[in-house]
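Note that chain A is present in both complexes that follow, paired respectively with chain B and with chain C.
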Partner chain A sequence: MRTSIWLACAVVGAGAVASGPAVSQEALKIGVPTALTGTYAGLGNEAVRAVEFAAEQVNAKGGVAGRKVEIKTLDSEAKPEVARKQAEKLALEGYKILTGTIASGEGLAMAPMLARWDAIYVSTINKSDKLTGESCGPRVFRVNKQDAQDAAVVKPWLAKRKEGKWAIMAADIAWGRDSGRSFVEAAKAGKKQIVAELYSPFGTNDFAPFIQEIKSSGAEGLWVALAGRDAINFATQAKEFGILDKIFVAGVSFVTDNTVKALGPISKGVWGIINYSSTLDTPANKAFVEAWKKKYNGDEPTNFEGETYMGMQVIFQAVERAKSVKPMNVAKAMHGGTFDTILGKLKIRAEDHQIVAPNFFGYIGERDGKLRPIITETISAETATPAPTGTCKMAAF
Partner chain B sequence: MLVQVLNGLVYGGLLYIVSVGLVLIFGLRRIVNFAHGSLFMIGAYVGFSVAAMGGFWGAVLVAALVLALAGALLDVTVLRPLQREDPIVTVLVTFGLLLVLENFAQFVWGKDFLKMPVPAMLSGSVSIFGESFPAYRLLVIAVAAAVALGLSVWLRVSRIGLYVRASSADPLTTAMQGVNTDRVSVVVVALGAGLAGLSGTISAPLLALSPSMGSYILIESFIVVVVGGLGSFVGAFVAAMVIGQVHNFGLVYVPWAATMIPFLLMVAVLIWRPTGIAGSHV
Partner chain C sequence: MTAGDAALEEAAPVRARRASPVVAAALAAAAIVLGGVFAGAVQSTLLMTLLTQAIITAILATGVGFLIRQNGVVSFGHAAFYGMACYTIALAMRHGVMPIEAAILLALVLPTALAFALGLVIVRIPGVAFSMLTLAVGQALYEFATKARHATGGDDGLTVNLPARVFGVSTSLFQDPHAMFVVSWAVLALVVLALAAVAASPFGRLTAAIRENEERARFIGYATVLPRVLVLTLSAFVVAIAGVLFTLYNAFVSPDVLHWSLSGSALIMAIIGGPRLIWGPAFGAIIFFFAKDMAGDVTEHWQAIIGVILIVVMLLLPVGLGGALARLWRRGAGHG
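The block that comes next holds the complex of A and B.
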């Protein structure tokens, strides 16, 4: 037994020596504090898949400017205080470029600690406006769409809808509250009436009381901001009570590629914001989808996987430009920079570090014999991204 | 209003089936079974797999039986050898078991959320005083009522029920009277686990399946057991029904405090009536 352990050590040691000269520069270490258990476990697994895919792809080509990419993932349970602890652990172990975190509350908990850890955080899923608003900073970046960008899409769409009375069903966390607030504003602008505004505790089992409230409110339309397990529980139970058939339903992060897989026909006909779709017709996206399908047995990348992959593309290009893996050097390269992504050439605003990106709208329908989100409207990056609100006071580098 | 009361009964009913299993096991073995939530979760997954092949009713039966068998195994291999140890040892071991079972589910059924369809026969809704209510939810209430009724008859009438009540009150004296408490315990733990499996499958058409789904129900079940009085069957029933209603009306009328109310109820019970509603008697 003992001999075999020594032997194993020797083999590993020899391997390390042998592979040493091939990658001579300091590795690019990316930490992923994300939800591997709990309500957002499904989303966390998507983020991890995308990060691993991107790392493997670039490592196969010799790394990022000769630097090997190393990944470490820790479970944050989608809880802000756990995320902060796990991110700190990752940063102390040298994984100082953090990404792939799900809940906005987690990103907001990590943001003020980044300077102390000498780390940077690149959000690929957090939506709360605060992250690139009040909580913005030189070390915080967002490569996915924020609530304001989703709201910019919802506003004109809602104004055109014939339903006059609307209910809101959202998760009682930073993102859900944000999304609910923007929908109320959009409703005001479109002269729609909000008849019920409901926020469910994170990780709710039984949505029946909320569904009953929606039913008795007389709403004709329903806006849903629930994700992961919450989304599946709500959709199943809403179907059971018949409101999915009687009320017009739309939402954000509600019926995504992954929840459609679990829900099946229940999700058909639900409208919503689509932040990324594997069907987008750009050469870069097509190449990405093909490579992805090859690795994951014909599965297409989901919206969260696409967005997280985009985040990795931005990180890699920033490291190349910075010629360094020092977090602050990478941050400087990202600040105001333009990057090649699967959604085209996109800019990260210097004012608040928000990416200026196109957004999409559509519904769940059948295409190629498969139920999936189908894009009906594409909103250009300029229209989809409102100007910075001024809440972000970016500190000097 | 009526529909909200019914909704409370559905949730309370589910909680009852899970917690009464905990109460059964606690009554005999004097341990808090942390693995109970994961038995519920495994029950849901087994039900999901069987339902895909052999229909919903087969799934309910198979899941309950498989989990009952697992429960018997749990008693013989884990709880019995540890009965002379400090209770904290058993608690830690069952907690470890919870982690193992979660990983097991992740390995067998994957990490993605799964969804079990509502059985076609019960997918419609029923009109109750002019309000439509999903038929499947009525089934959940019916199952909970049947379990409560069946269990109390079994405990009152059958000989083994008598032994269970006696062992719950005082295992040592019961053993001195010539009752083989180990044998009683196997039956009881199997029954408790079987009920966890049953409730898992019954709730699968309502809830998303994930390896960590057990933890969502376990905490509320603990509250039910404490509020009802440790080891009390009647207490668990009353407490589950109360918490079902409180949970439901809390979300409707005081949403900002809803998640806190069950905990406050538990704190109140612990302060003013530490032995629980039923005073910790069978």
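The block that comes next holds the complex of A and C.
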């Protein structure tokens, strides 16, 4: 009996030695808890497309430093509670590098759990300042633009606008509230008056009461922070009520590449923040857009697709530098690191793990016979990214 | 249902009633020990965390099922009691107004008291109207939690800052899937045991009599409102226990814990499992949880699969899967 145990140990030991090199080539497993159903399903599908595209692209070249990239996606319904459950499932199945989640509330719900799961989270769409503020930590990163970066763009733009009275229409979730708050601040700085500040429940179908209030408030300008189906419902109904023609409209994540497709001419002339555009003229971006078009029948990558692809670029480079797929080793490589992305060489700040990136502003117009966001202003990374506010107390690694 | 089946159904409670408290307690103790052994044997953290969540949901379904069993009414609003327990702890911890032990106590007392006060008004109302009222109460609380952003964090929910120790036990124990499985499993076993004892008691028989024919029970001379109120109160208390376990385990609450869809899921679990049995809803909850999990891995349309299961159970097995299982067992025992 004892001999057989020793024999078993020897066999297992030999196996471990033999599989030594294979273990170091452990696959890079990326978990994507994202909205596949509900109000943000459109955004979730964009995130998944970008993650899959990046993985396929790098796997075709032999993987990340010889490591195959594996993806698993689970539906989070854009609900914080569900996102936590699904992220936990992914992490415990070994998909410990999490990304592609839509709603800020989801990211904020996942953040405190990362240590328990031994996972890291790389946000590519969450905008709430809290994620790299109060909720920051060694395992949380943001490769997309936060609200503060959007606000830095809005402030100078708003000051120049001729409209004096503004209304805000935003989603009643972490991101919408953040965006509304920073717009109020920007309005104060630009000596504009806020005549209505409205927050609609996540997943609102009937916007009529809100539209009535906007109309009766006497607003000349309207700031919209709605995304996904909320954005489409609001825009369609606002058009019917005639406010899109009478009031000057701008927003964030409101008319994006994808909602423009659904809205058509309704979206024409709406201004807004453009976090990423496929028209950006850098060699890296051009190569990305060309490859994307080839895979997706001539479709160009949308803003969320571009930003999520950037997240994957950062993850891949961090894994290469860490020479490991262990979440904390990858996190260490990201902490304060500089990465080659489709928006150029960008740094992830060590203070709060926020990426320092340029931001853009523009409107929906016609170009090459197609309606699309057109960039009118480019704001450099330094100007677009305000210094850390000090709300983040980064724990030691 | 044949006459023989009906007789069998009738005979079952009688037999349960005859089971001595010693045997019942021994059964519960055995179940708890088995749970501990099981947790020790299973390595997979993933399986344990899924099971722990399933068991906590099973306690919720047991509360909902008990109301159906004893009062013969269906609640669409039990998430109100569950969520209220969750938010009580979350808010108490957020504002640091009391120690965690007091918060847990309050989280059990508040929903129970609400159910009692509410019960005095709504148990007199029959059938669908009762269900609609419970739905209204549940949704009112849900809307409040969503709108009162400053207090509750709105749709984004609240992270619950638990202290390092709860009742002298390290908090990390309540958040460890293996340990929490044992805790929740033990609580479920005790809840089922206690509810079975209540159902077999004179009080349980009285409420069953009221359920069958309220007028006749009143005519015989029984007060018929208070017993029903007490059943509702007890079922809310059970549900509140589930809420407390959920909050300890997850350390996070969002308005989802108050939403009617949670009440609805609990109801579906109870019906799949068979609310005529005390343990039926818990059994249904575990089937529901894993069916949802497996279906959710395959397709995003997991609701359709649950829907099909529900239709099949309601059409072919009105006693629920638990009921069918119990019948098979009895038949097997009869032959043996």
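By definition in this document, the second predicted complex is superposed on the first by the 373 of 397 C-alpha atoms of A that agree within 3 Å, B and C clash if a C-alpha of one lies under 4 Å from a C-alpha of the other, contacts with A are read in each partner's own complex, and residues count from 1 in each chain.
Basically, contacts are C-beta pairs under 8 Å (C-beta built on N, C-alpha and C of every residue); 3 or more make two chains touch, one makes a residue touch a chain.
Keep in mind the model is a prediction, meaning the values are calculated, not measured.
Since both structures carry chain A, what do chain B and chain C do when superposed there: clash or fit?
clash
After the superposition on A, what does A:37 contact: first (chain B), second (chain C), both or neither?
In the superposition, A:37 contacts both chain B and chain C.
Tell me which partner A:263 touches in the superposition: chain B (first), chain C (second), both or neither.
The first partner, chain B, only.
Regarding the shared-chain residue A:74, is it in contact with chain B (first), chain C (second), both, or neither?
Only chain C is touched by A:74; chain B is not.
For A:45, select first, second, both or neither according to whether it touches chain B, chain C, the two together, or no partner.
In the superposition, A:45 contacts chain B only.
So, A:321: does it touch chain B (first), chain C (second), both, or neither?
A:321: touches no partner chain.
Using the touch definition from the top, say if A:347 reaches chain B (first), chain C (second), both or neither.
neither
Tell me which partner touches more residues of chain A in the superposed arrangement, chain B or chain C.
Touched residues of chain A are more numerous for B.
Touch test for A:201: chain B only (first), chain C only (second), both, or neither?
both
When the two structures are overlaid on chain A, which partner does A:228 contact: first (chain B), second (chain C), both, or neither?
Only chain B is touched by A:228; chain C is not.
Is A:181 touching the first partner chain B, the second partner chain C, both, or neither of them?
Neither partner.
In the overlay, one of 9-17, 63-71, 81-89 or 135-143 from chain B clashes with chain C and the rest don't. Which one?
81-89
For chain A, what residues appear in both contact lists, the one with chain B and the one with chain C?
In chain A, residues 36-37, 172, 201 are touched by chain B and also by chain C.
Could you list, by residue number, the parts of chain A that touch chain C in their complex?
For this pair, the touching residues of chain A are 36-37, 74-75, 79-82, 84-85, 88-89, 92-93, 104-105, 108-109, 112-113, 116, 172-174, 177, 201-202.
Using the touch definition up top, name the residues of chain B that touch chain A in the complex.
For chain B paired with chain A, touching residues are 3-4, 7, 10-11, 102, 111-115, 117-118, 123, 125, 132, 134, 136-137, 205-208, 210-213, 215-217, 247-249, 251-252, 255, 258-259.
Which part of chain A faces chain B closely enough to touch in the complex?
Per the stated touch rule, the residues are 36-38, 41-42, 45, 172, 198-201, 203, 205-206, 208-210, 212-213, 228-229, 232-233, 236-237, 240-242, 258-259, 261-264.
So in the complex, which bits of chain C are touching chain A?
The touching residues are 45-46, 49-50, 53, 146, 149, 154-157, 159, 175, 250-252, 254, 256-257, 296-297, 300.
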